[in-house]
Each structure stands twice: as structure tokens, then as C-alpha cells.
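After the C-alpha cells below, expect a handful of questions from me.
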Amino acid sequence: MIYFNCDYNEGAHPKILERLGATNWEQTPGYGEDAYCEAAARLIREKCERADAAVHFLVGGTQTNLTAVTAVLRPYQGVVSADTGHINTHETGAIEACGHKVLAIPSADGKVTAAEVEALCTAHETDATHEHMVQPGMLYLSHPTEVGTLYTRAELEALRAVCTAHRLVLYLDGARLGYGLRAPGSDVTLPLLADLCDLFYIGGTKQGALFGEALVIANPALQKDFRYLIKQKGGMLAKGRLLGIQFQTLMEDDLYLTMSRHAIDQAQRIRCVCEEKGIQFAYPPQTNQLFLILPDEKIAALGKSYQLSPWGRADEEHSIVRVCTSWATKTEHVDALLRDLGDGKC
Amino acid sequence: MIYFNCDYNEGAHPKILERLGATNWEQTPGYGEDAYCEAAARLIREKCERADAAVHFLVGGTQTNLTAVTAVLRPYQGVVSADTGHINTHETGAIEACGHKVLAIPSADGKVTAAEVEALCTAHETDATHEHMVQPGMLYLSHPTEVGTLYTRAELEALRAVCTAHRLVLYLDGARLGYGLRAPGSDVTLPLLADLCDLFYIGGTKQGALFGEALVIANPALQKDFRYLIKQKGGMLAKGRLLGIQFQTLMEDDLYLTMSRHAIDQAQRIRCVCEEKGIQFAYPPQTNQLFLILPDEKIAALGKSYQLSPWGRADEEHSIVRVCTSWATKTEHVDALLRDLGDGKC
Amino acid sequence: MIYFNCDYNEGAHPKILERLGATNWEQTPGYGEDAYCEAAARLIREKCERADAAVHFLVGGTQTNLTAVTAVLRPYQGVVSADTGHINTHETGAIEACGHKVLAIPSADGKVTAAEVEALCTAHETDATHEHMVQPGMLYLSHPTEVGTLYTRAELEALRAVCTAHRLVLYLDGARLGYGLRAPGSDVTLPLLADLCDLFYIGGTKQGALFGEALVIANPALQKDFRYLIKQKGGMLAKGRLLGIQFQTLMEDDLYLTMSRHAIDQAQRIRCVCEEKGIQFAYPPQTNQLFLILPDEKIAALGKSYQLSPWGRADEEHSIVRVCTSWATKTEHVDALLRDLGDGKC
Amino acid sequence: MIYFNCDYNEGAHPKILERLGATNWEQTPGYGEDAYCEAAARLIREKCERADAAVHFLVGGTQTNLTAVTAVLRPYQGVVSADTGHINTHETGAIEACGHKVLAIPSADGKVTAAEVEALCTAHETDATHEHMVQPGMLYLSHPTEVGTLYTRAELEALRAVCTAHRLVLYLDGARLGYGLRAPGSDVTLPLLADLCDLFYIGGTKQGALFGEALVIANPALQKDFRYLIKQKGGMLAKGRLLGIQFQTLMEDDLYLTMSRHAIDQAQRIRCVCEEKGIQFAYPPQTNQLFLILPDEKIAALGKSYQLSPWGRADEEHSIVRVCTSWATKTEHVDALLRDLGDGKC
């Protein structure tokens, strides 16, 4: 059985394991105050071209999201998100458990537009009873989105302008950021994100680390006392150096982007065969997540050899399955899948 | 200027003020443990035909809703509601501030159907990742709804069956319950609600009290320690007898229903003229809230004499206005409005 | 049975009931945006000599405390309080339910000193692991305290200086503020409180209103969006004018102080007899709450005619009882009590 | 510089790293639903002799504590703890951020007694205003405590009896449990804990894992839906197998106890020299944490070669320092320390 169901099926890039082994007996301070965390943070600041950014390392995505949202919002504020956003659908109400409503905008492609956010904010501000309603305080984007789609630089700039006009903090969830940065045709870069976002995170868990996300707080006004909240929310790893070592490894020699590129290349091969064979996609196949619309019997047949992720029905005879590649995807596994999809030449 | 914009513009029924005056110098225990609260609770239990119901008096609707939801839900559970539900739109995120997500079902008429709730619960239970999602734990209904519509006995029974099948607690917000109980053709009664709901409240604030809501916890399993939560959430009135005295007055001699009937009668007069004149309603005109679709210039003209509640646009030339009657509505005020709407004979 | 157990046994001052009756049929906007609330707020601003203060009316003390604390603190901050403070002991964990720890300072007389607060803040700031601890963010005082004691102007000024030095918000709970303002020898005034406190409230519930507390936010930096939180926490009264009318009445013609003075005068009579008879007090008898140390058999005997409030044991043969006077205390009731305490001449 | 300041300065036992390497390319399901987690859970159930226990793996101690407390308590309940308890002092208010008060009992040795807990519960239950106070709902113990002390079997049995009598859930924080299990003279075992506690956790982070704690929910009534809460609180590791692999390794061949024994042996050597040299301890030296009372100049001298943990002043000329050994402590490092403490023969 070959797993294409998600991008966190394997462990970590061997260099990470090697580095963990090499440093194992070193004695370091705890809680992220070691030299590895500092080195990793420095590398990230450099790549973001933001010397004044604060960088924090957390263990996972839900933890990072809930900590960031809690740090930023006033108690009566909510976070605007596509209804498909991870914080709205797959975090068991973590944001609400921290006291905040997710103000969901219906989305067909995982994205929200500047016009939609503008309309939501204006509706709030002009409502005579706005004090009886949750005030929008933050915009949550994911890039790539939950369905693998990407924002363009122009779209992000327009969203930034709306956020500035309506005093929303702009937060970007980059759980799969590397796959977005290496997607063909994308004009989004780390310096751009550091410039447009108040804060965002660079995902590690789905990008070749054992675990870990690097939160970049680009806006100095939001940096104060953040470590108190990491601790309170249970995200301060005692052996914080594990996160520093992993991100240092990922950031050196562009390993992060190299690994991302591998996943994208493999995804493009699958996309190519699908297009040859006339297989439709439920969402534009831009990154490492592909949402294939296949006949139910084909899905059943594939299910004997491959673990795919069911994503709902398309019509009476077709369903959607998510196929994920990752930094760890083996070329021969994709070879096999392509054969079983119809033996294209990609 | 005559106010038809809502049903809480005036003070209270004169009998309530009279009773407050007559008892003013009595010395009673505080926090709702006085004889007036006990007498009022007894009357409510009798009218509900539920000797084992617990009855608590709270000051307002948002407070009652957030206390009830907090008491019932486990931390990872959410409350299912029409997207138009008061808890979803007009309580500044009070439910989320208590840690719970509102699981909103789109609604065109303020109501949800048994099939919709069933589908939502089944979708959760059958999702392989359901532990990553908020578990439905309660169904919130309002009756009358935010847009003045009503459930039938059959609809409520079907919703109860779904709740039982999926282990949802059924909670009904009766901020305007009297207006529903006295609406023409309604087959919903207090004993029926006590039978079908786990808990519900009988509204006072919009029904002739200065303030106050009577929460009936019909399900004994939910009664334990409820007063702790009332206190914690800031809802335990020191001079609790003020609530007891008011509800005792409302419940004696069917004053509550008599007052509600007055509002309904006045609303029916407006409805009658609208139908004569061909004025459309945005929602079925079942109770004391009427949502008239009027030309914008007509609304502007009416606005010189009447305070109405704007409720959005209907089309390019028409908007919706809410017209509320109440226990306090003066017949001559309705006379004037009817003349200005077109001099019908109602 | 005569009640001396607390200061909220009766209804309200007759002028309040009269005014509620006189305005009953007026139609006003809801939620505290009526002319009565504005007039009452203006009077309070005048008496505080602070034209830029925001004044909000809430229903009760716990509600006011939890809303104020939520508005001010960051999520990782706690509120410093005497361990006897109401928020620490008698609000069923309302502050914690809003996410904040009460940082309790042991207190023998209900008060905290500047030195104690200074020490607590310094201990936090100098601890190497302070990010693992709750950061002090607010100082909560009550004046009079839970045991009827009072701060002096000099003590409050010293506490203010500590708050400023350590960036604590200074909040004062004035549930019984009038009794403090009229206590013999007190040099604390409303303008002083408005000058020293960031926010404080003027109690109504225990001071002759049916219910209600007037929160004065003197610090403009804390005023923004406060009404959102009042709504979210369930404290926004639909018929907000009830609060405006009551506080307007209390503030006109110095009724608030006149009523407070009455309670103090009656308390002084009891104090006088106790001192004549050698009855000890558990706490200095400064305001309307007196904590008498009496032989258990004496307490049992008094219990046949008077409702007193038990306050723990003093020694093997003596216990403490709280005796409260109020704006509503009848002179002849005190006469009777004095006779039963030993027939002093006060 | 040699670190004796805490027990999480190094990485993990080499067998753990080896196992992580060996399994790195395996494809497994995520979120703790893999075979390694199941195998580790099975081993723990066997060692606890409780086939019906639920075992969950979380990343860290604060996360485990806050998730367990949230799962168990009703919103108006608090958790009883020694005032020195980790949840009361070093989790930045994590418990309060989840809505619950810590009901602290003053403790001189890190422990609470059955009599103290009994008194606290009885005081609550017999207070006429108990609904205005936080209800005790859970007892939190740590074993070893924050100051390295241990409960005896008899003490735990007495605490269990109080919990049963007053309906408290008994939860034990075993961040350093192995060091307690291997302490000389301790009669506490895993089966005993599974028998007496409703839930407890077996610490990994301070016991030779990279990270991780194993929560054992022995009481079946508390097991339902627990994974929802792990996810909501940010504790569900995507690559959950990392936890399974680590705990499987620790539990096989009694590695956990062997490593703990090493730490204890080294600690006993330090204790032996201290006793020889007349060095006093601030707390009984029972486990791997030793609290030495030393002259300030001696501490300054040691500080040139050793990282120790300052623990407050003892008197004018002496302070307390914490010396920790661990699974990773090198014998030659202890040799050096013993020489510098005075060249004893231990």
C-alpha cells in the first residue's frame, strides 16, 4: 500500500535526523533560548529580509494558529476566514475555545477576495447595531489554501490594503508554504509575505521536519510578550532546540525549497497525466495537493494499492480524491500511480 | 414620533410597577431565594405541567443563552442554530467567548428543519476526521424566530426526534414566546415545550416586564449546580425578588397571554391592511414582528412620523422595514399607521 | 424578624420607583442609548470632575467586575487582589472563567499595601522564568473593602504610584462606595478616585437602587469599544433607561450621599454601644458593615429576632457576626438591636 | 560548564534516536492512530495492569495538564493543588485560561494532606454561599512534587478516599514519575497509581524522550471523546508515531526504569556527600532533584563550573540551589561536583 493521502506520512529529512543525533549529548538551555533556535531565527529573518521580525518556533499548526489569534485579537473581535479555512473546519473549534468567532466567507476555491473582506468589514461598520456583533479584527489566509490553491502577489496586496483600511491584522497560515513558494508561476516570496503580513508561519510538519512551525511576527507592535502566550497555550517545548535544529537544517542550503520543489515536480507529473487523460480537477492543481474527479469504480480499484484521501462526491458516478505528494514522495511510487491512472508519458 | 421599531421601548405593565411599589420595604433574602421567586417558579411549573422542572430567573436574553449553553455543552461541542439565530448574529460572540462554536445552518425563514439538523449530525458522525471538528451538542431554536416565524408542533416533534437520535440537547429561546403562544393557528403550548425541550426560556423583557427571562430546565439531568453558573456568568441578581415579583405578576390571571394577545391583535390589523393594499412581506407575518416590503420613498415618508427598523434592501426600489407591536402598543398609534399605509379598514 | 444581614434586603428609594412610574410609557431607544443614561452619565462626570470620562451602566457587581477585567487584561495577565477580595472569593470564579488568574495577596483587613503590590510585581519582573508565570496586569481594590475598611488618600496615592511604575491598571470596586465616601474621617472623594484610578464603579445595588452599577472609565486609553464587551458578557440591558433613571435620581440633589449618610449614622450608633459595652470588632468599624465578636449564646439569642450574617469563629466561645446597616435601615430597628445588645445610650 | 540545573538539557536516549532513524521512511497514519502508538499504549496498559485504561500521548506537560483539567471539570469547578504545584506557578495561567480556578493549599514540602483537602471540601460544602464560590472538582498532585518529594502509598490512599467522599477527580502529574518509582523506599507503583488515580501521566520529556507524556485515563467514565480535546488544545501531533515510537522504546526492557535508576543513583551520591559534609537540604532529598542550602560564596564559586538552578534565599548568608541529575547525567560530572562540594567518598 502506497500512501498519497497526505504530506505527513513519513518522518523527516535524513539531514534533520543526522543533526539531532550529532547534537544529542549537548547541554543547552531549554524553552527555545538556545543557540540553535537563535541561529534558525536569524536565517529566517535573513530570508524574509526583515531584521526586526520576531521568530518563534511552535510544535504544530493548530497550536500556532490558536496562539497567534489569541495574541492579536481583543475579546470581542473575530477572525475572518474562508469557510474552508483550517481554523474554521479542522481544529475542533480551537479558535472558539480561545473565545473568538470565525467570521466565515463562503469560498469555492479556498481563497477570499479583497472585495469580499471589504464588504464584510463595511457591513459591520455601517450596521447600527454593530456593538451587538463580533468585530472583525484579523484576516486569516492560508497559502497554499486547504485545497492547494495560491494567492498572487496582486491579490495579497489588495487584501493588505483592505486590512489596513479596516484595521485588520493580516495573518497567513503557511503550513505548506514551501510548496506554494515553489509552485510554477507563483510570484509570492518570503520577503513579500514579511512585507504584507503582520504575522505568518513557515510550516515544517508537512515540509520535511518531524514537527514544527516557524512563526514570523513581522509587525513589531505585535511582538511584545508573545512567549508568555506560547507557554500558556502549551506550545513551549522544553527541549526547544529540537525546533531550532530542524529549522536551521531546513533553512541552510535552501533545503526547504529543494524539498518543496521535489514535491511540486512529482505533483506536476500527476497533473500532466490527468490532463492527457482528461481527468478533471475539483480545484486548480497548483501545488502538491491534487483533487482528482474520478469514477467511483476507478477510485475503488486504486484503493487496493493506494491510500488516497476521499474529498466528497462530485456527481452520481464520480467522487473527488485528494492526492498529495511531498518532500518524501518516491519517484517510483508516482510511476506506479501514473501507470494505474492510464499510463501517460509524464 | 411613534416607535414601532422594537418591542422594548416602554417600561413595564402597570401591575408590575404597582407590585414593586407595594413590596418595596419588605426585607427578603437575596439572590433569588425569596418567596416571590418560589411562587413564580411554582406558577410556571404548573403552566408547564412539569412538577420536576427547575425554574431560574435571569436578567436578559444574551445572559440566559450564554449561561444555558455553557451549562450544557462539553468544551469540544458546538451549538447548532439557524444562521439568523440571535446567538449567531447579535450577541457579540457571547457563545464563542464561552468557548463554543455556533454551527450555523443557512435559513431563509429563521427556522431549521429536522432534515437539516439530521444531515449536519450525520455528516459529523460519518466523517473520518470528526475528532478534528466541533461536535454538535445542542440545537438552539428560537420561537418565534428572529423574523417572527413559528414552528408547528409537528416540526418541533421531528426536531426532538433528531435531537434524541443524535444526543443533542434541545434548547429553545423564547424571548418573544408569548407572542408565539397567542399567534393565530399555533398549536404550540407551554406543556408541549416542556415535553419536547430539555430547556427553554419564557421571555419577559420583550413581553411586558422591566426585564427578566424565566429559564425552565425540564430535563432533570441538566438541573444540577445551575446556580453556580448563573453567579459565575454575572446573572445572579442580588435583589432577585425583582424577577420573582415580575414573573409572578405576569403568570397570574394569564396576564402574560393577555398582553401577548394585544400585540398580536394589533399586528393582525397591520397585516390585514397590507394584504388589502398588496404590500408584500419578507417573511410570513405570523407574530408581532412584521417585515414589510415598501418603496424607498414610502419608507422615507413614514420615517417622519414613525420609528421603524430597517431590515435591508429588497430590490432596487424597495426595502424591508420591521414593524413591531407589543403589549404596550396603543391602538391609536396603529390607527395612525394604518391611515398612513393607505387607510385600510382593519 | 429584622434583617441586618446585608444591605440589599429592600427594594429601592421611593424616588426611584416614582420616577420609573412617571416615565413608564415613554418610548425610548434601547441598550443605554437613551437620554436618561446620558443625563446620568453627565451628572457622574460632573461629580467626578472629569469631562472625558466614559460612564457605562451595568446591572450588577460581578458583571461589572468581569467585564472590566476582560476589557483591560491581555490573555496572559492576571489581576492582583487582596485574598479577601470579592473577585477572589465570591464570584464563582468569574474572573478565571474569563481566562485570568487572580493573584491573591494575603490580607488581614481587606486591604493591600503599596509595598505588597510592589513586591509582587518586582518578584515577577526579576524572576528568570517570568514568562512561565502570570504577568500582573491590574490591581483590584475594593473601597470599602469586603470587611468594611477604607483606604486613605495617601494609601491610594501610593498604590497609584506602584501601578504606574509597574504598568498595572488600577481598578476600584465601589459596590458600597457611598458608604465609604460618607464615612467619618475619610479623605477620599469622587474626583480623587477619577484622578487615581484608571476605572472604578459607583455601586447602586447596595446603595438604594433596585440594581445597577455605574462604571467610570477615567483613562481614555481604555474606553474604546467597551460596549461590545458589555453586550458580549450579557450585561447590556435592553431597557437601559432603567439604569439611567435610577442613577440620575441617585445623583440629583446628592441623594446618593444622603442615603449613604443615613446608613453610616445608624452604623455609628451600633459602634457606639459596642464600644460602651466592650464588644470587640473583628475589623475596624469604619463603614456600614460591622463585624461584632460576640459570645455564641448571645448570637443565638439575637438570632431569634434578627437576621445577622455569620462570619466565622473568633475563639472557642465567640463568633463573628456581620451587622449591616443601609440606606433603608429603620431607626427603630436599630433602637431594638441596641437594646438587645445591652441598652447603650447611642 | 556542566549543567545540573534541570533534567531536560540533553536530547534523548540513543535507542530512541536509533528507532526514529530506522522507521523514518515508513508511511503511517497520522494523529496517533498508528501501530507504534497502539503498541506503546498496550505496553503501558500492561505495566499498569489495567486493560481498560485509555492511553494518549501528548507533547508536553503543560499541554497535558490543561487538556486533562479541561476534560474533567465542569465550568464552575476548580482544581485543588498545593500552592507550589506546577499548574499554580509555572504554566502562565494555563488552567485559568481554560476557565478554571486553581484552589491553592499552602504547602511547605510540595505535598497536600488528606486532612487539608478534606477541610477545603467541607468548608465549601457547608458554606451557605457556596454557589458564589468555585466548587472543588479535581485534586491535582505531582509525584515527585516540584521539590522532589514523594507521597507514600498510605498518603495516596487517604487522598483517594477524600476524593471519593467529596466527588473530586484525582489527577496525578508524573512529569518525573520514573524518578519517583525508582526512589529508594518508595512503595508507589504503576498499578497502584492506575488503581487510585482517575488519570495520571507518565512523563517522557524529563525522563529520556525528546519530548512526550503518556496520559493514562484509568477511569472509563472520563475516556469519552478525549481526542477531540487533544486536537482542540493543539496537542495532537500530526506525526503521532514519534510519540508512539519513543514510549514503546522507553517501556520495552524496562528502559524507563533503568534510566530513572541511573539518575537516582547519581543523586544519592550527591546526597551522601552533603550528609557527610553537613550540607542541609531545603526539602527531603528523595529523588533526582536536590535542594542544597549553601553559603552564597560557595554558590558563586560553583557557578564558575556548574549551571545550577537558584531557588531563593535560605537566610542572610545562605541560599538554596537546585541540583538535578537525570537519565543523561555523566558519572564523571558528578565526580567533579562532589570534589568541589568537599571531596566526600560517595
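We call the chains A, B, C and D, going by the order they appear; numbering starts again at 1 in every chain.
In the analysis below, contacts are C-beta pairs under 8 Å (C-beta built on N, C-alpha and C of every residue); 3 or more make two chains touch, one makes a residue touch a chain.
What you see is a predicted model; the values in this text were computed from it and never measured.
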item: Any chain in contact with subunit C as well as subunit D; value: A, B
item: Chain pair with more C-beta contacts, A-D versus B-D; value: A-D
item: Whole-Å gap separating subunit A and subunit D, where each centre is the average of the chain's CA atoms; value: 34
item: Cα-centroid distance, subunit A relative to subunit B, in whole angstrom; value: 42
item: Inter-centroid spacing, subunit D versus subunit B (mean Cα positions, whole Å); value: 50
item: Residues of subunit A engaged with two or more neighbouring chains; value: 75-76, 91-93, 97-99, 131-132, 228-229, 231-232, 236
item: Residue numbers on subunit D that touch subunit B, as the complex places them; value: 31, 70-71, 74-76, 98-99, 131-132, 135, 225, 227-229, 231-232, 236
item: Complex interface listing, subunit D residues touching subunit C; value: 75-76, 78, 89-93, 96-102, 128-129, 131-134, 310
item: Contact set on subunit B toward subunit C in their complex; value: 1-3, 6, 8-12, 14, 17, 20-21, 23-30, 59-63, 66-67, 91-94, 97, 205-206, 210-211, 228-229, 231-239, 242, 307, 328
